[in-house]
């Protein structure tokens, strides 16, 4: 089962500057061979369900290992059985319907 | 690694009435032996990371098997290494700080 | 336009213990006269759209005024035009479909 | 108060193909003069709090007016008082910390 997800991790107890933790997650996700795209409030991730969720677990483990005692993440994730669809398909589909 | 999560599944392409799909997820989560608590916009779930995420995958599989061609879910999920905390602890902690 | 929402505020830069900030939000929401219900990963809120969103703004203002330099919140929010539905209706609708 | 948000609207009761509704929201947001950036699972929006949330309300109104009887949206939104930060700042801040 393929999944398109959008992941946003917030480390707590480490001050206001969290970009190094987010960068560590980007590295984990890309080393997992997943298709990713960083945006201003999260990261799009596409791939096999088990691989995507295994990588997200490793993100939490990596951020804790960097010293963050608490993490609060949010994830949107979509699956469909009617047809295949990539992240690019989703964006193109919206853009071609705009004036 | 323990996780406290909040899961909200939205089946698409099945009309506006989605409660039977949500009920099927509740059944999957409770049959997984996880601690759950339904609220008006999702379900709190607590347990071991792997068990929680395996159950969430089964929810998507079950809802697709019921005929929903597309699903868009959202999840909040928190982990901490500084101390153990249950869902009840989180609620009590807020309530004891209210006037 | 009525809205049922689920609000979760995460103050950043204030350490791992955030319950006093969440308690302050609960107070803001209930003083706004909104129907609310705290759960382990957020708060259900129901009411008129403008009143709900004005109260959420006051939550951010209150938490900043308490000293949190940064806030990352998440909100689920649903509206419908086909019929009226309360938070209790949503829960009952799921529960009556469970075995 | 400035806010950086990430908005994802899911129309329900209109079938599996929802891109025309998302495209209508893009139009509403850009006509509001807000800075936006579409990604594969939502749209980044940046601007003054009141303008951002007024535009999000108009998105719900527009999608209902197009015939969707029910909408379930999710929003991440962040504010900070310690310093100004744009969407581009957030992305650059992560990218400069990656290997």
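Should a chain be cited, it is by its letter among A, B, C and D, assigned in written order, with residues numbered from 1 in that chain.
Please note the rule applied: a contact is a pair of C-beta atoms (placed from the backbone, for glycine too) under 8 Å apart; a residue touches a chain by one contact, two chains touch by 3 or more.
All of these numbers come straight from a predicted model, not from anything done at the bench.
On a Cα centroid basis, the chain most remote from subunit C in this structure is A. More C-beta pairs touch across one of A-D and A-C than the other; that pair is A-D.
Rotation relating subunit B to subunit C, from a C-alpha superposition: 180°, rounded in steps of 5.
Subunit A and subunit D have Cα centroids lying 17 Å from one another. In this assembly, the C-alpha centroid of subunit C lies 19 Å from the C-alpha centroid of subunit D. One simple way to say how far apart two chains are is to compare their mean CA positions; for subunit A and subunit C this gives 25 Å.
Shared interface positions of subunit B, defined as residues touching 2 or more other chains, are 13, 16, 69-70, 72, 74, 76, 78, 80, 82. Residue ranges on subunit A touching subunit D, taken from their complex, read 4-6, 8, 16, 19-20, 22-23, 26-27, 37-42, 44, 46, 74, 76, 78, 80, 82, 87-88, 90-91, 93-99. For subunit A in complex with subunit C, the touching residues are 10, 12-13, 15-16, 18, 69-70, 72, 74.
By the touch criterion given at the top, residues 1, 13, 49-50, 53, 57, 60-61, 64, 69-82 of subunit C touch subunit D in their complex.
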